[in-house]
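Next come two complexes, and both contain subunit A; in the first it sits with subunit B, in the second with subunit C.
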Partner chain A sequence: MIRQMLVLIWNRKRINALIMLEITLSFLVLFAVVVSALYAWKKYSTPLGFDYRDTLSVVLIGQWEPHHAGQLKRAAEAMRTMPEVSWCEASHMDLFTKSYWTTVLRHNDKPTQLMVNRASDQYHQLARIPVIDGRWFGPQDTGGDYEPLVLNRRAAQKVFGSESPLGKVLPHSLGKFNYKVVGIIEDYRQHGDLDPLGEYGFRRYVWEENSDTRMRQLMVRLKPGTPRSIERDMLKILKTNLPDYDFSISELSVARESYMRKSLIPLITSAMLAVCLLLMVAMGLLGVLWQNVAQRTQEIGLRRAIGASTTGVLVQISGELLTMTAFSVAIGTFLALQVPFTGLFGNIEADLMVGGITGATSVMLVLAFVCSVYPAWLAMRITPADALHYE
Partner chain B sequence: MFWNYLKMAYKVLLRRKFFTFISLFGIGFTLLTMLVFFTLADHVVDPPGPSSRADGQIILNMPYIWLEHMENNDVYHGELGYYFIEHYLYEMKTPSGISAYTGTRDSACFVNDRKVRVQLRQTDAAYWRLLEFDFLEGGPLTESDDEGDSRALIISQYLKRKVFGNEPAVGKELVLDGRAYRIRGVVKNVPFYDDISYADAWQPIDNLESANYRNQMLGRFKVLFMVENANQAAAFQEELAHLWSKVQIPDPEQFNFVIGHAETPLESMARDLLRDGNTDDNGKSTLVMIVVALGVLFMFLPAINLININVSRIMERAVEIGVRKAFGASSTHLVGQLIFENIFLTLVGGLLALLATPLVLEPINQSGLIPHADLTMNPRVFLGGLLLIFLFGALSGIYPAWKMSRLHPVSALKGGDS
Partner chain C sequence: MIVLKNIEKIYRTETVETIALHGIDLEIEEGEFVSIMGPSGCGKSTLLNIMGLLDEPSAGYVHIEGTRIDSYSDRSLATLRNHQIGFVFQSFHLIPDLNILDNVMLPLIYRKTSTKERRERARTALERVGLQSRLHHFPHQLSGGQQQRVAIARAIVGSPRILLTDEPTGNLDSQMGGEIMKILQSLKSDSGTTVVMVTHDEEKAEQTDRVVRIFDGRLVA
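Our next item is the complex of A and B:
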């Protein structure tokens, strides 16, 4: 039966080639849309790795002098005495903004670029960053001949592969000191929920009296339900301890909300475009098939006259389109598989490829079937008499 | 003769109303989507409003800088500090205007105990000279606001309505995040996609109690440059390129090189989307190519639909074509006629799309999906749309016409396939 169908498709090869071209192109567009949607979803559903709720960021505005380190230490200590404050720690990099700090780690001469941050000894408790292996840095690292480093799982895998990362020593690229990996965390996605998953590392900030290491911001975890008016008391404490600075205080949850709003607008726009495109393709397939049936009244009538059942006709019409769809999808899949090789759109991970191809294939098959149902039903109703009266 | 063609095209369209509807719907819908998308892209790339200057001057934006350590490959990416702006960028000779401003940040005020979200931006006085805001009340920030603790505030029409209703707002007090401001002016709403102008409220940058921010190399500022024309823009880029090597970085142990780029909104967007860092090439041409390719693909699909339908419809008209051929009509004539018919059909669909575009844009503006969106069809988009329509009509007419012209009169008269 399939052979017969192929012969019928071949007989109308010009018009069918056009239909197949259309389905192939739609498949490719759909593939791109599904892959981007899956990628966005994958990023969104991967945990941030930290808890942004009830947390304030206090950015220090001013020029760092070494003796400010002691002032900063006392400011943090004073903040911790406030009853509404459960944690106050230092962390250098802003969250939910576009700024970043990257460095390169070399292991066995293989360089790995990763984002870095610098934070104080209890920061993982404040931000609720689960340490999955080893430990966060702490006082036991003071005085050692190394600088402790905490990596996220992805960075550890990229740098060390299958080797165990704990205790490994990595030279600083200028040979000034060595890093030692003391712990692995799941993640710390500084840029936000919809940004790419990357390699990340924390360096240790040591509370000292004098330090050249500039710290940009203090993080404060409040007890849930603390009103924002607490900022006034905080500013007083900050101002007394750090007289050379001004402070910009913001809630992380608010920063995240505006980040989400900004990132979602382009995503929603492209999704709407894709829906419009699908609608157009559906209309087109429906129209072409309908016309097909109208043109082939004689042929179908003849089939009915020599004993074909209505189901047989239905299977023929739907089957033809589905066969063509299957061929087009196969061509489309072949083309889609070339995408990772071109490298034009970066590396598409295997699970996204599989998801994109299955997703696009099923949508195209369903679409083809739905579009063929009405014309096939029309064809079913053709009686031999109709065919004889035709023209 | 065109009148004849027109009459014929009209009759053909009426003959099978369903297919005419499908064709028209396909064409109309495609062009409508394209027009809406074009309008959106046009507004993002060159938003009509404060940041678009009518007199040919160009505004270039430097939102970020990169600090690098050339030997150990450390990179720090962030917004600019005022120290750097004051000591290096303000010293530049070529630009005719330089302004420091910040991105927006979420702030809030309370109206009858209800919280109103306010997007707050800090700007210097030059910002109001470089960008052309429409003032409904009052006036802009002035040089005196750059000095000392000024509590002046400019608000948008939207915020004014929310807080003061229909009363005039200038001179009144507004409390943002617990701090009182006096309203200096009210401006027309600025849409979200105008990245350098959008906000609900603008305050002077010196609102902080001290001038500590003036000592930072990295901070929270972005910088606008204004140049008079393309020649001056080139001279400016030249001067900027030579600036970086002169910058003294406070902590050369950590970073020993700094670089930034002054770009148009499109260039900034391309860099943001396609380039990972501070490459010389900002990826603008790649972005344009990708968008054009997607656009062509997007049009190509419905064009194939139309070709499919047209090809089948020609077969229905085989007898008519056979007769015309038998009476001596040349192939060129027939091809011309069919393309004409197709362009006619596209034109009808296109006109419907042009008429429907404002009807689609209005709900988008109203929905609040894009804050303060003010998408309108401008002459540029309209002309682009017309061009699209003709392109579309020709594209989808050529193959069927070519096929028809090869129809043999005899087989055509028999009404059979060729």
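Our next item is the complex of A and C:
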């Protein structure tokens, strides 16, 4: 029975090659869709690594000059005296926008690109960023021959692998000074919930009287339930201390939602495209498989006439298709495993590969099973006499 | 051997109702070579299909070897077809993608036999129809007469007690038809196989033990 099944598959190699090609292509499309969906879900379900609630962002609009550093420091101090304000700290990069700032860290000649930000000594407390190893930077880092650096877990892993990152010294990309890794945080996903799960680092911003280091944003954590009218009082303090600037104040929770809405549009569009693509592939595949079995109605009639039982025929027909599907899926899996090496889609993480291959494989097997058993079953509802005359 | 009791067969479609067989009573003895004759459309194939358990009568009963067939969806029907009955069709019905040997072995894969034994028996059956040199050919590489001999080999490979043939010479020229007749006759005389042959060739019918005539779905004396 098995030998004969394989003989039949082999002898029908020309038509079967087409069917297998169709299955392999469908598998790859399905794989791509599953991986993208899993990736989107993974991004969405991964914590941001900080708390955006009750927080205002104050962006400074104007031309930075060294003496503005002192003004900024006093503005922050003045804000902290307001009873509604629990924290006021500096953090350079906008949250929930497209903007980013990158640098390259070199360790053992291996470069790693990461996004960086610059923030003040208490910012991790304001943003409630858990430090999972080492510490956030602080006054003890002043005067050292290095600049302190806090990395997220992914960056530490990528740069140092299994080595312990704490205390490691890394040269600045232009060789101006050395960084020293002082702490590890879980994450700081500045682009929000759909931020690619990337490498991230914080550099230290020091409050000084004069500084060439431009700082463009103050973060303010308010006591819960503070009304927005506080922004008027804040503006007054800001204007008094930083007379050369205009200010743009926004609530992080609002920014997050509107950015999310904006990022969802392309996501929904591609999801809809994916669904259309899947439907087309499914229809094509269904047609091919269906026809393959329907064309064999006479053969089914003959097999029953010479003594095959209904189950015998079902096992044979679905066995053939499942064998071919298994082959095609194996080829598809081999091809899918090459995708990360092409570098076209970045580094696809192992769990996504496994999920994509498992998902696509099971769908293909179920589809092959249904597409062989159901039409074969239909062909067996008519008598063998009718099946033999079926055109 | 084969007993048909008051068989009716009515084909119903949305618009028409065709009475293909009407009140057929027929007994065929063990080892008999019977031919069924009648004009086209009179119900010969329908009758043969009912004898061969390929089709269900609308009324009446079929007895094969003394057992009455009650259920037409049963798995035991498959076993009965496989072990007791061999079928030869006018249009051969070989599987084009299997070679001759595999085609002939087909009935045996639904039995518990070793591959070796299947091969042996298939070879023997092919020898019997004079095709031992064509084992690895595919059906399309053979002439019509040869294909029909393959179909006969397939029908007898499982040593059935009954061989049902539906116009086995209908698609063949007279010389090939003659060869097929010889094979059928030898089956009857050598193995005592009961052979039922549908034909509308008077000459061929005369070579059999008994001629059963049908007209418009009824037996005529």
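The definition used in the following text is that the second predicted complex is superposed on the first by the 355 of 391 C-alpha atoms of A that agree within 3 Å, B and C clash if a C-alpha of one lies under 4 Å from a C-alpha of the other, contacts with A are read in each partner's own complex, and residues count from 1 in each chain.
One rule holds for everything that comes next: contacts are C-beta pairs under 8 Å (C-beta built on N, C-alpha and C of every residue); 3 or more make two chains touch, one makes a residue touch a chain.
As the structure is a computational prediction, the values presented were derived from the model and not from experiment.
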Inset, instruction - Check whether A:Gln122 is in contact with subunit B, with subunit C, with both or with neither, and answer first, second, both or neither. - result: neither
Legend entry - Which of subunit B and subunit C A:Asn292 touches, first, second, both or neither: first
Inset, instruction - Determine, under the contact definition given at the top, whether A:Ile306 touches first (subunit B), second (subunit C), both, or neither. - result: second
Inset, instruction - Based on the superposed arrangement, let me know which partner A:Thr383 touches: subunit B (first), subunit C (second), both, or neither? - result: second
Legend entry - subunit A residues touched - subunit C or subunit B, whichever exceeds: B
Inset, instruction - Once the structures are superposed on A, label A:Ile61 by its partner contacts, choosing first (subunit B), second (subunit C), both or neither. - result: first
Inset, instruction - Determine, under the contact definition given at the top, whether A:Gln4 touches first (subunit B), second (subunit C), both, or neither. - result: second
Legend entry - Sites on subunit A touched by subunit B in the complex: 14-15, 18-19, 21-22, 25-26, 29, 59, 61-63, 94, 98-104, 111, 113, 172-174, 212, 214, 228-229, 231-232, 244-246, 248, 250, 254-255, 257-258, 265, 268-269, 273, 276-277, 279-281, 283-288, 290-292, 295, 391
Inset, instruction - Write out the stretch or stretches of subunit A touching subunit C in their complex. - result: 1, 3-4, 7-8, 11-12, 298-299, 301-312, 383-386, 388
Inset, instruction - Write out the stretch or stretches of subunit B touching subunit A in their complex. - result: 18-19, 22-23, 25-26, 29-30, 33, 37, 40, 64, 71-79, 83, 104-106, 119, 177-178, 192, 208-210, 212-213, 215-216, 219-220, 250-251, 253, 297-298, 300-302, 304-305, 307-309, 311-313, 315, 369-370, 403, 415
Inset, instruction - Sort out for me which residues of subunit C touch subunit A in the complex. - result: 45-46, 49, 52, 54-56, 72, 75, 78-79, 81-83, 86-87, 89, 93, 95, 97-99, 102, 105-107, 109-111, 115, 154-155, 158
